[in-house]
Amino acid sequence: MAGKGIHIEGLKKRYGSGDTAVDALKNVNMQVAPGEVVGLIGPSGSGKSTLLKALGAVIEPTAGRMILGGEVIYDNGWMVKDLRALRRDKIGFVFQAPYLIPFLNVTDNVALLPMLAGIPNAEARSRAVELFKALDVEHRAKAMPSQLSGGEQQRVAIARGLVNHPPVILADEPTAPLDSVRALAVIRILNDMARKLETAIIVVTHDEKIIPTFKRIYHIRDGVTYEEAGEGREFE
Amino acid sequence: MIKRFPIRGRTLALVLVLVPLLALFIYVALRSGPLAPVPVTVTSVEDRAISPALFGIGTIEARYTYRIGPTFAGRIKRLDVHVGDTVKAGQVLGEMDPVDLDERIQGQEAALKRAKALLNEALARQAYAQTQSRRYEQLLEVRAISEETVATKKHELQVAEAGLNAAREELARIQADREALIAQRRNLKLVAPVDGLITARDADPGTTIVAGQAVVELIDPESLWVNVRFDQIHAHGLAAKLPATIVLRSQTVELRTGRVLRVEPLADTVTEETLAKVIFDQLPEPLPPVGELAEVTVALPALPAAPTIPNAAILRRNGGLGVWQIKNGDLRFIPVILGAADLEGNVQVREGLQAGDQVVLYSAKALSARNRIDIVDRIPGVKP
Amino acid sequence: MISLAGRDIMHAWGKFVFTGVGLGLLIGVTLSMAGIYRGMVDDAKVLLDNSGADLWVVQKDTLGPYAESSSIYDDTWRSIRGMPGVERVANITYLTMQVRQGERDVRAMVTGVTPGEAGTPGWPPYLVAGRQITRGHYEAVADIASGFKLGDRIQIRRNHYTVVGLTRRMVSSNGDPMVFIPLKDAQESQFLKDNDAILQQRRRTAENPNFNRPQVPGLLEAVIASQSTNPYVNAVLVQIKSGHNADEVAQSIRRWKRLTVYTRGQMEAILVGKLIATSARQIGMFLVILSIVSSAIVAFIIYTLTLGKIREIAVLKLIGTKNRTIAGLIMQQAIALGLIGFVVGKISATLLMAPFFPKYVLLEPLDSVFGFIAVVVICVLSSIIAIRVALKVDPAEAIGG
């Protein structure tokens, strides 16, 4: 698995230029192995969101190097042309709110991603349904997002993040709207899936309930990351 | 697209709304505009006899109108009758002012007396000359006087006789003069020539009028007739003695019967009308005013039965008359040759159709052979 | 791939259909506007068709008889009849006036037709009820739009007429229903206005010492009689023999009879170009305004719908949806809205608007096709703003902060 996962070295991001320039990211270094779930914790304005966006290939860093799933995607400049395809194929997103597409049913919400990648509808759907089995929302496969509970929605959102088997999943406050039982359940699912699919997962959070579950935590302050060992508490 | 996921309620509602909408749209697209079938009504050609008739408009006129006036210029002295009076033949209606005519007659009478006196004198002279002449002849026989003297006396007798003749003629002349004046005097009276009705009084006493100008107008009410004008296009078959019905404008409900008295040999070249006189079988009572409008329908002899169609079915296409025939549901334009028609719009067909043929009577728009048709009892929009 | 636009519409179909119906009513009004213009042109055309004429002979240098008044002697037809190539001629008069029936009166174009048989130029070419005129006087065939029924007694100026037949779509270029009466009656009604006017005219004539001379009995009557006739008609309709060229026949009448002659094409140009030009411009203006309003509405609706989906669009972008797909989503929705609008518009124009509009509304299928294309184009154009907004959405927005 070496070379897979996430490697970030000396990532910098500067907004603006000259006197008004702001350095949002000064020196970010992260390593996440496949199958590993790490936490990313930082106060507001620490550069957390900027880091997430840079990882998600929606903003361009200023300097540094990013390797996702064994592919150098950024080395003082984008190394891939189609960022959209990159996002689609290499990165799974799980958000604070589920952000499901309200006019698609649960299955299609998830199956949309493989469909966008050109996978036939039927196959895409069966992939989604497989994930639902793992995530225990199979019975809601034909429901509309609005008919689901918050936890179910979040699980569907996770399924969407996983469906293309991306080497990297970025989860942004995935447990914020959930109570502690559900929040822990979500984290467990992420851990399970990470292991099962060899995925590197970064969970951005400041949710006290789940911080203790991480084995490794990155703190970010003023655009600089600091690595720290977590409690890695087993939950159940 | 994918297999439809059963979102039953919504799908059903959607279908319930969209399918009727679509159906309506297709209906609208096909049922309006040029694709729509044209509603038509159909009639079958019938064998029947028709009674053609001619229709004309006329005015009541009097056959005889007398316009009475003086024969020379003068002033009206009196006028005794008014419009609406009935008068008898010979009745004095009025009189012209004689001015000096009476005085001139008196003068003529004096002259007459004088002429008579002169005649008497001439008679006396002639008698004396005759006596003298006879006596001198006797004297000559006894040769008491010369022959020359006898000749002188004979000559005197001849002169006296000529004088007598002249006096006689003078008397006759003066008598004739006087009679002429009296006749003139008599002519100043306006006299009714026939029994009749005064229809106009154009002048009143005191008015001076020229010779020939009418003072009163008189008609013979028994001679009222209708002067009818028939459009020449519709005057075929018009002849004397045909029965006619007359409707007066003032009495539209009442039909009067009459007959054609004569068809005028002269037609109106300007208005392209034929004129005819129609008389009443029985004069209406009260008499209609002269000049009243009358509608006259002249019945022509009934024609034998022949295929007949209503005139509404006939149309002109590419210069020829014809009808739309329906055969096995198809529309065909059949040229026809038309015969007589009556006033109710029935037209006999001489050629082109047989009894029993189905033809289009009314249509909601102009037809062409490509039209689809929809046979209805009544064209939409026509109230019963 | 699934149809995102379809799914979105299915998801909010109620809103969509209602918006579409609203838009549809607007499109219906637009189609009706076009229909009114077509109706006016068609009114002009049926007026010409119904006259059955190939040529119109009118007073020299006038645009008569429809667009301008024209009067020629009623015996002019005789000399025209003799021209080579002339098959059939008929006098005709047109005068728009009030036709009374009982209590009400109707504005109608009273047409005096030459007596003859069905198919004579100027006669109504087809009826919807009753029969053609058979008597030379006091019968009328009226258009159904006048509201008269068979057997009605109608009054035109001084005379009463019996309605014996009904026509449909026989209207003047202003849309007034036509009433056909025999030519002589029509000539009289054009001239003999009413009893009072006739009396006054006679009085004036009688007061003129030139006409009322005592030395000349009968002069006054003769003058009055000559004043009381109307030897004029408005036009002579000419049908030409088959095999003759209308333009050539017209040219020879122009040349030898020194009258103005119009062919069918020229007459149509006069009616459409002169008579209804102003109305057509007004309608054209309305069409433009309505098109702008429609496109503004479509643009606004699509824009609003898109704004409501900004976050979904951000998510779609984030998960790698192509711009083309997102633009397609919006454009397909705009077109779908236009389609619903067009269907509703066509239905409402045909079933709800046209039958009740006081003027004739002709909805041409070709117009509907153009209308459809226009609606689609407008919808596509209107969606451009919304598409621009959607494409500007930053996928980063999906990732909070």
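Quick notes on this one:
Order of writing sets the labels: A, B and C. Residues in every chain begin at 1.
Definition applied: contacts are C-beta pairs under 8 Å (C-beta built on N, C-alpha and C of every residue); 3 or more make two chains touch, one makes a residue touch a chain.
These numbers come from a predicted model, not from an experiment.
Averaging Cα coordinates per chain and for the whole protein, the chain whose average falls nearest the overall one is C.
Farthest from chain C in terms of Cα centroid separation is A.
A straight line joining the Cα centres of chain A and chain C is 69 Å long. Between the CA-based centres of chain B and chain C the separation comes to 47 Å, rounded to the whole angstrom.
Mean C-alpha positions place chain A and chain B at a centre distance of 114 Å. For chain B, the set of residues touching two or more other chains reads 2, 7. Residue positions of chain C touching 2 or more other chains, listed in rising order: 2, 10.
For chain A, the set of residues touching two or more other chains reads 108, 121, 144.
Those residues of chain A that touch chain C in the shared complex are 48-49, 52-53, 56, 58-59, 84-89, 93, 95-96, 99, 101-104, 108, 112-113, 115-117, 121, 144, 160, 170, 172-173. Taken together, the chain C residues at the contact with chain A in this complex read 1-2, 4, 7-8, 10-12, 311-312, 315-322, 325, 394-396, 398-401.
Interface of chain C with chain B (complex): residues 2-3, 6, 10, 13, 17, 49, 52, 75, 87, 115-120, 125-132, 134-138, 144, 149, 164-166, 168-169, 184, 214-215, 217, 231, 239, 241-242, 340, 343-344, 346-347, 350-351, 354, 363-365, 368.
Residue ranges on chain B touching chain C, taken from their complex, read 1-2, 7, 10-11, 13-14, 17-18, 21-22, 24-25, 28-29, 32-35, 55-57, 209-210, 212-214, 230-231, 233-234, 270-271, 295, 310-312, 314-316, 318-319, 321, 338, 341-345, 347, 362-367, 378-379, 381-383.
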